[in-house]
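The chains carry the letters A, B and C, assigned in the order they are written, with residues numbered from 1 in each.
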């Protein structure tokens, strides 16, 4: 690990872009406060969408961790969200756990699944891994139809309950969702940033740069990859639990193949290699269907166009992004800045 | 005993269709080193083209040919526009290796939404040209029917045709050379880019047949939401992996194996394992023999 | 002047691999290109055959612009490039490798007689015509590569280190074959070689490349007796 350590030490001296942890914590607290203020001034729909954006952020971040940082492609993140969602619902229904604990269960269950997947994935690469995770995305949710304990087609309820009375009679259900989701997101992203800056993050970056070089430097590739899968799955599980919270149920149809595709799209739009742009993808995923829908309605177009045009736009956006800006807008700007610095 | 034969026949028939899908995936993989996840979407589009043709012509077989031509053209168009742009822009970075795959996923979404836009989301119907009532032997009725026999015959003929083209003709030689070593092929004067497009066109035509036969194998109804079609994509890919992604023969064997195993699992273990069985089989194959049963170890560089 | 190269400059990303290279090759002339590793010899051939694009400069073969268009189009104008190292397609048989070179040719009977001629030149290839190239020795593989190039009816032959990795006896045979082929078909040849002595022995003229630029040119004899060249590349 020496070579990795040496390079990281010299890098932290050079990269004055790296903010200290205490400052970051402060930034996040300020962010949290701003979000709190925002939530008091927008209407119900926006607050609900805010909750959606939140769990998309976590879901996309999980893909960024997996694909951008450790170079493994998973097309089945939606299935892991499902594991988390179901775990939360089950632990709530059968063990009557308080909500925060159900989230913990969701994270742990999904992480466990991720570890298993990671062990299998360490042997696979590129298209094989993509295909295997794709099959997972299609196959896993349908397991719910097999066992009655999983609620079958209709699924199970997941009710996080009403907001506490101390918050006042005006405090709506959706606002409660948003607060929970936003808080979870802030904590999760802060934690994730810490991990990315730790030696685990550097190890993953080394692997992403060159597996051969990393291995020669003493990195245990398999272990690092499995760890990435596990952590990424844990995040996905949290996102799944939050998703379940916002719709109040878990069912196979809540975690379809389209979800995995959406998350992947969001990750590509955000820029797979860095956390910085994660909001771009999340907001696009939530905002785009609505924008397209509004435009279509104003143009008076048919229902068919209204339902399908968002998909066409998203798909086209994905293609364009992956062709022209594959590493995402944030990384693109960064590398342009580096190029300028080099030529000076 | 009878159930055994029935299950086997069901498995071979669906396996033949999976084999076609696997063939179309392998054709693209070998010429471009890309897994085209939009394949099933293209197959579905071709099926709808066939459906549209049936509004003007009464023959399933003519519709099949039209669908094949349509599928070939669409596939060639995709290669010329999307893939060539992708190859030109290929960069380094985390997703460089899988960028083409992600692009095909985006394409799949666009195709599916476009189909729903044009033809609607409800079920459409293509009447199978032959009867699906089983042959009778004595008092027993086999699941095997004229339609199923035709399906197997068509797949067999296509396979023979494809093999002949690829192995025995000049253009097949160009295809193989361009797939194995594009640079050396160029130096020998092979128009590698045109040949690549041809590979995609063949793949599109094969997918079209898979789509139409899939519909004919059932009761004739299909839609964009058809479970059969997402299954077709995955099964095609799994079959291709089982066979090793490198050879056409492997694709066929993979398809048949997948079809037969799945049929037996569904019949003798449980009906609702429809989605999970292929996935488990894939996992097993990837664990036991990641390069597939006919593939070479270590893969190749282009 | 049938191969005319003028001020050719080629980059690998930010690195300049060839700088202002200029030379000519006449019909029937065998020009050796020697230089140490990294001198740009392979880059030169790859640029001339169209695999690599040039930054500035010009290169024409009998008036046809070699710097414009895809590699496969230059084959149709008589340019054949035998690349370094892996120069045959292992998954194809010997005969298929040969046939590949003639695919673009319209006249099938002419192609057939070309194949016969090549089998006469390299009888071992005929013995193994149905086998895949994995069973071939290094020397046989080189013969096959040259044979494939000949099948495309070339007028300009670009050879990249044909003697690489071969035992001395085979090196002698390959060089003899090259001379035979050049005379028999009246080819112009650009022969890139690490084996400077062997190359200068059979060449008419030579070019010495150093770090991407031409250090010296001259007749093969002059270069072989040039003390600086001898010290650097001929070992004595």
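One rule holds for everything that comes next: contacts are C-beta pairs under 8 Å (C-beta built on N, C-alpha and C of every residue); 3 or more make two chains touch, one makes a residue touch a chain.
Because the structure is a prediction, the values reported are computed rather than measured.
Among the chains present, the centre nearest to the common Cα mean is that of B.
Note: the chain lying farthest from chain C is A, by mean C-alpha position.
For the pair chain A and chain B, the distance between mean C-alpha positions equals 32 Å.
Per-chain CA centroids place chain A at a distance of 54 Å from chain C.
The distance from the centre of chain B to the centre of chain C, with each centre set as the mean of the Cα atoms, comes to 43 Å. Listing the residues of chain A that touch chain B in their complex gives 67-69, 71, 73, 75, 120, 123-124, 126-128, 130-132, 134-136, 138-139, 142-143, 145-146, 208, 257, 261, 264-265, 268, 272-273, 304-305, 307-312, 314-319, 322-324, 326-327, 331.
Per the touch definition, chain B reaches chain C in the complex via residues 170, 173-174, 176-177, 180-181, 183-193. Note for the complex: chain B touches chain A at residues 29, 35, 37, 82, 85-86, 89, 91, 93-99, 101-103, 105-114, 116-117, 120, 230-231, 234, 237-238, 241, 245, 270, 272-276, 278-280, 282-283, 286-287, 290. Within the complex formed with chain B, the residues of chain C that make contact are 49-51, 70-72, 75-76, 80-83, 86-92, 96, 99-101, 103-104, 148, 152.
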